[in-house]
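Okay, here's the structure, questions in a sec.
Every chain is named by a letter (A, B, C, D, E and F) in the order it is written, and numbering of its residues begins at 1.
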Amino acid sequence: MEEGKLVNDKGIRVDGRKVDELRPIKLEAGVLNRADGSAYIEWGENKVLAAVYGPREAHPRHRQDPARALVQCRYNMAPFSVSDRKRPGPDRRSVEISKVVSEAFSHVVLRELFPRATVDVFMEVLQASAGTRCTALTVAAVALADAGIPMRDIIASCAFGKADGQVILDLDKEEDNEGQADVPIAIVPRTNEIVLLQMDGHITKEEFDSGLKMAVDACHRINEMQRDALRRRYAVTTDRHKAVKASSEGV
Amino acid sequence: MEEGKLVNDKGIRVDGRKVDELRPIKLEAGVLNRADGSAYIEWGENKVLAAVYGPREAHPRHRQDPARALVQCRYNMAPFSVSDRKRPGPDRRSVEISKVVSEAFSHVVLRELFPRATVDVFMEVLQASAGTRCTALTVAAVALADAGIPMRDIIASCAFGKADGQVILDLDKEEDNEGQADVPIAIVPRTNEIVLLQMDGHITKEEFDSGLKMAVDACHRINEMQRDALRRRYAVTTDRHKAVKASSEGV
Amino acid sequence: MEEGKLVNDKGIRVDGRKVDELRPIKLEAGVLNRADGSAYIEWGENKVLAAVYGPREAHPRHRQDPARALVQCRYNMAPFSVSDRKRPGPDRRSVEISKVVSEAFSHVVLRELFPRATVDVFMEVLQASAGTRCTALTVAAVALADAGIPMRDIIASCAFGKADGQVILDLDKEEDNEGQADVPIAIVPRTNEIVLLQMDGHITKEEFDSGLKMAVDACHRINEMQRDALRRRYAVTTDRHKAVKASSEGV
Amino acid sequence: MDVVSELLRDHIYKMAASGKRVDGRAPEEYREIKVRKGYAKNAEGSARINLGKTEVLVGVKMILGEPYPDRPKEGSIVTTMELIPMASPTFEAGPPRENAIELARVVDRGIRESKTVDLGKLCIIEGEKVWIIFIDIHALDYGGNLFDASSFGALAALTNAVVPASKINGEDYPLEVEHHPISITATKIQDVIVFDASLDEDRVADARLTVATDENGHIRAMQKGLKGSFTLDEVDYVVKTAKKLADEIRPKVVG
Amino acid sequence: MDVVSELLRDHIYKMAASGKRVDGRAPEEYREIKVRKGYAKNAEGSARINLGKTEVLVGVKMILGEPYPDRPKEGSIVTTMELIPMASPTFEAGPPRENAIELARVVDRGIRESKTVDLGKLCIIEGEKVWIIFIDIHALDYGGNLFDASSFGALAALTNAVVPASKINGEDYPLEVEHHPISITATKIQDVIVFDASLDEDRVADARLTVATDENGHIRAMQKGLKGSFTLDEVDYVVKTAKKLADEIRPKVVG
Amino acid sequence: MDVVSELLRDHIYKMAASGKRVDGRAPEEYREIKVRKGYAKNAEGSARINLGKTEVLVGVKMILGEPYPDRPKEGSIVTTMELIPMASPTFEAGPPRENAIELARVVDRGIRESKTVDLGKLCIIEGEKVWIIFIDIHALDYGGNLFDASSFGALAALTNAVVPASKINGEDYPLEVEHHPISITATKIQDVIVFDASLDEDRVADARLTVATDENGHIRAMQKGLKGSFTLDEVDYVVKTAKKLADEIRPKVVG
């Protein structure tokens, strides 16, 4: 790791980013026909599609919560999304990610409005390249908004980590493989509450503090992109409505 | 494939059959005690047993159709029915065959008479040697009739195919392995409607047309054997009834 | 097997036991906090924990017996309980043992008192060394009593077998591996009824008769240990009750 | 397994208590046994067994495989049982449940632990290549007493099996079967014992005791089942009777 | 799959019977086909297919493995289909059920049996090392006619695939695709036949017939589905029309 | 997991809000910890942990196996967790569900990613033979805070483990444990935080934060769980407190 350093003397990373710089992100809302809400993201080399169905009746019935809706997320990797083909179906990693993402969304969805119902969120990783859980959570939040699910806020997610002994934002694949720590977080932008936080590796309290600050800041920037995507989606819908209205008025 | 031709100059196949000749078929109805209806077939080297239970209540309840009965077929191969032992339980091939056979029978069973019910058809391949799905469907039709399930007709099944560039009827194992195409069909004899049709391999439209005609003709011959088996079964039952009646009359 | 004989000329076994001598047994009732009843046993090198929950509602509902309770036992080996790590989850052996143990307890639990309910018995083998099913049944009987489940008697279990052509009681690991037969039994001590009996190997009727007598006698000795464990447990509980009573009386 | 009316239960018990059975048999009388060996041509050995209204098909397949590391000089035997839904309205498709597993394991022990086949003779190259025998039991028609029908079928199929040594450039030869253990099942209805239970007797049974004995009268396997119990005297009676019945039945199965 | 009101059924049938369709198409008219090859960069080949409102992503992965013992000189092809719940409110998570299995097997046969890829060319060392091609079909948006969309996607992804020979110290090279079978699906609603069914047409369909023909007009695969039937004349019509439509569509898929 | 009455929830919260706990502990106070190493003799290492009313048994087995192709010089660690129904009326038999999987994965990462064991030292022959460590966690009695009890048990069992090198003609030697990360779990009930939650506290918890720190005070693993959230200040507080508590508890676990 000495030669081929991940961060050079000037604080520039292999792909040219600064330590607190995100990979390029493209986000689009409303990309599928069948789902109640959907969104698509390209984040660095990651490509993730999200779809939302619901609120709809929860099955089987004994899983229903009489007081509020369930939020059930399913994170899934396409077999061809990774270099070594992944066998179809959930593995332990997918089950854990699905669980922590479900819990994060459960915090912001106004679940009390839909007793006995379920809101189902499907995240399909079509191309994977480090940071897929943050990517998936970020795009799923947009899909939830696109589906009109009432939420207290649109949550946003990002990771920080450590490589070459430096705290850096949004690790790419090489940094993830060779780095010393990876810390994905998700926040409620309005309140800075942490709704997802995982970490493995090796990091000091001071590094954690500075990285967490970096990632919270980044989540706010990401949240702006989420809102932009929804604004563009809304503009399209509004234009269409206008067109419909115009045509129905006989213009 | 040049030497050891599958069909010789005189149109005679390795086992001595003509191109449009079926392998020998033996069919017997009413062979099991427990099932509501049953039948047994030996078709070439194939041996298949069929049993029918129902109409009976469909489980689980959410699978019930409030307007008509389900027809649920299960095609299964005994582990020792093939040269290389088959692991017990359904594989993808069995699932597909079960599905297309269920669909074929759904067309002729008077399902509207039994809302919420199921008619379960079990086909066990005890010895396999090419053409087991046609064999299984043919014997299952007899078992359904033996169970007294009301049907618009007794469907019959047979395959055609292509080997050595010749269109032939009812491929045996060698012809199936080395041939160019296999096309199983099933028809409603009264109307010549096609209720099952699958094909893989390589065949021209003209070959397909001539083979289809051959197979439809053969299905009619097979249907005659199905009816014979039921007549023999009915004769036995009637004889037994007569005997019972006679004895109850004190003779 | 000639050298290193399992039973020497004086009828003494490798570990110093006589042919009709049990391995040392330690039994304790009431060892877990969460379960309704529990017990722990060390029998030779075997260590088994048992827990009982119930009577409680049986799920799913279609498994309920409207006239009586189910007794559902689950025998499970911890992955590290044996020399070669055992994969978690039930294997065929565990399923069979769970079944025969459930049937044995079903004979003595007063099941008619709890229609539609289930009494669940969990046996965890933490360390295994021949004879785990007898060990598990014996400790589970104590756990059932500890849970206050009404029973006609506390059943007890023990195996006999044959090694070096000699009938011996309670085979240890070496005797089990190299012996000629293993015969686990369980009895209702009050009536000497057999509620569990399995055998594999090779044994004459005469050997079987003498071994069975030996094992029935041993079951009575084991039953005494079961009752002792419950008495000690009861003493503790009574002391506690007295203390509670005393304190509530303001002493 | 089935819900049977109390009436049937009473009827069968009352007959049994007076030494009679619904189908006219004596308490220790087996139903007719038909054995057709070599039925399934793609198997190395097979037998189709009819025991009264019960029908079972057993196939033996022999596969080349590796020995277990702790037994490098031995082949192995795997016995499976499928209670396919064809055989009874109460059998369900899917992986084997506890009834099928118990059946398969009892048959398996009756074959394996009694050394019916010498596993050492299944070794081809020590530590590398052995024959694995699969005994697959297919219940076709369930009319009571599957334990014995399955066990007869397994033994008959083994005595019919040919080792496919031509696969390894040898010559095929018949599998050597060293012992002929015959499984006999007693069924207890309240306080009465009958042998070879019919379907109705199986449905009202309180306890079951299977005893397999070999041609020398030695016990080779036992299994008590169901929620009832046996007294010591009853066990004694069942074992004695099992030896006697096994000797009558063995020739029909081994042929 | 869905419960559809009788009204919708009637409406669609009446339109179809008069030669019209709900979305304005002619009976033999396909919806717009968009093919984006090379979408998934971690796959050896991939294609994202839009067929009207249906969207499917197909990835091809090539893995080193051992050949089947009975075909030591050939690689192999494995096709999987996941009807992930993203694509439709009626699809459920879990192992593939019969619909997904049928779909995967029909696509698989259309590729394999039609010798689209020469399996002999996938052999690296006879009996030891071959390429195994995994064709994984991911349905993203179900808007009707998944059979054709999946089949187009599989063919397009194969024509996009690169054999990763650099893994075995060779040089990567494009996978050779020998034939271009195009799957065409006819859907029968009562007595009327339309092609490339929309979602609503799929929901009220009585029978389905898929016919794959190659660039020579030869039939390469067929599959009849659902509970309805076809007359012999209808089969004839569907096969003829399938050849005609396949020739129109092939360039869009193969590119 | 359980349905808990609002009354219990209110009661626990009100006490916690005033700095008290139902069992009399202070907010940062752990229950009594008992560690019995070497309990399971057939395991290479084991530890039975009591944390208040919670009891966990962890066994370490070391098996010979092949390394992953991409890490030919390293052994590997596999951690499993069974929430067996013995431990709680709400645990069900069957394959691990999401709670058990999360628990196992958090313990696993706490061991593996923190390099508690040097995987390089588990290599026997590069690319061919390595030691695989199985850490199997068996929850026997669930009285709250399974995360820490499991994690303590895993570490204690590893420090107790002996590498069975005699299996490969070497001499057995103690497994080297390089670091001693101690997992500390904070539980948030509404706006109050307590450590080492009891069963009742677990049942009414809104959020959970587990932090593992090593003997140098460095963070080695974190996991936030449940549907609640933490403020940035709360995270800071939990991490600081975790370091402090870990230093107190480490000697009891490592021994």
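Just so we're on the same page, a residue touches a chain if its C-beta (ideal position, glycine included) is under 8 Å from a C-beta of that chain, and two chains touch if they have at least 3 such contacts.
Predicted model, so just to flag it, every value in this text is computed and none were measured.
Considering every other chain in turn, none proves to be in contact with both subunit C and subunit E.
The chain with its Cα centre farthest from the Cα centre of subunit F is B. Among the remaining chains, C is positioned farthest from subunit E, on the basis of C-alpha centroids.
One finds 32 Å separating the Cα centroids of subunit A and subunit E. Each chain gets a centre from the mean of its Cα atoms; for subunit E and subunit F, those two points are 48 Å apart.
Centroids of subunit C and subunit D (each the mean of its C-alpha atoms) stand 28 Å apart.
As a whole-number value, the distance joining the C-alpha centres of subunit B and subunit F reads 58 Å.
Shared interface positions of subunit E, defined as residues touching 2 or more other chains, are absent.
In subunit B, no residue reaches two or more other chains under the touch definition. Taken as a graph of touching chains, this assembly forms a single closed ring in which every chain touches exactly two others. Starting at subunit C and stepping first to subunit D, the chains sit round the ring in this order: C, D, B, E, A, F.
The touching residues of subunit F, when paired with subunit A in their complex, are 98, 101-102, 104-105, 109-110, 113-115, 209, 217-232, 235-236, 239-240, 243.
Contact residues on subunit A toward subunit E in their complex (touch as defined above): 32-35, 45, 47, 49, 51, 53, 56, 74, 76, 78-83, 85, 88-90, 120, 122, 124, 126-129. By the touch criterion given at the top, residues 92-93, 95-96, 98-100, 103, 106-107, 183, 188, 191-205, 208-209, 212, 216 of subunit B touch subunit E in their complex. If you check the complex, the residues on subunit E that touch subunit A are 39-43, 46, 53, 55, 57, 59-61, 63, 80, 82, 84-89, 93, 95, 134, 136, 138, 140-143, 199.
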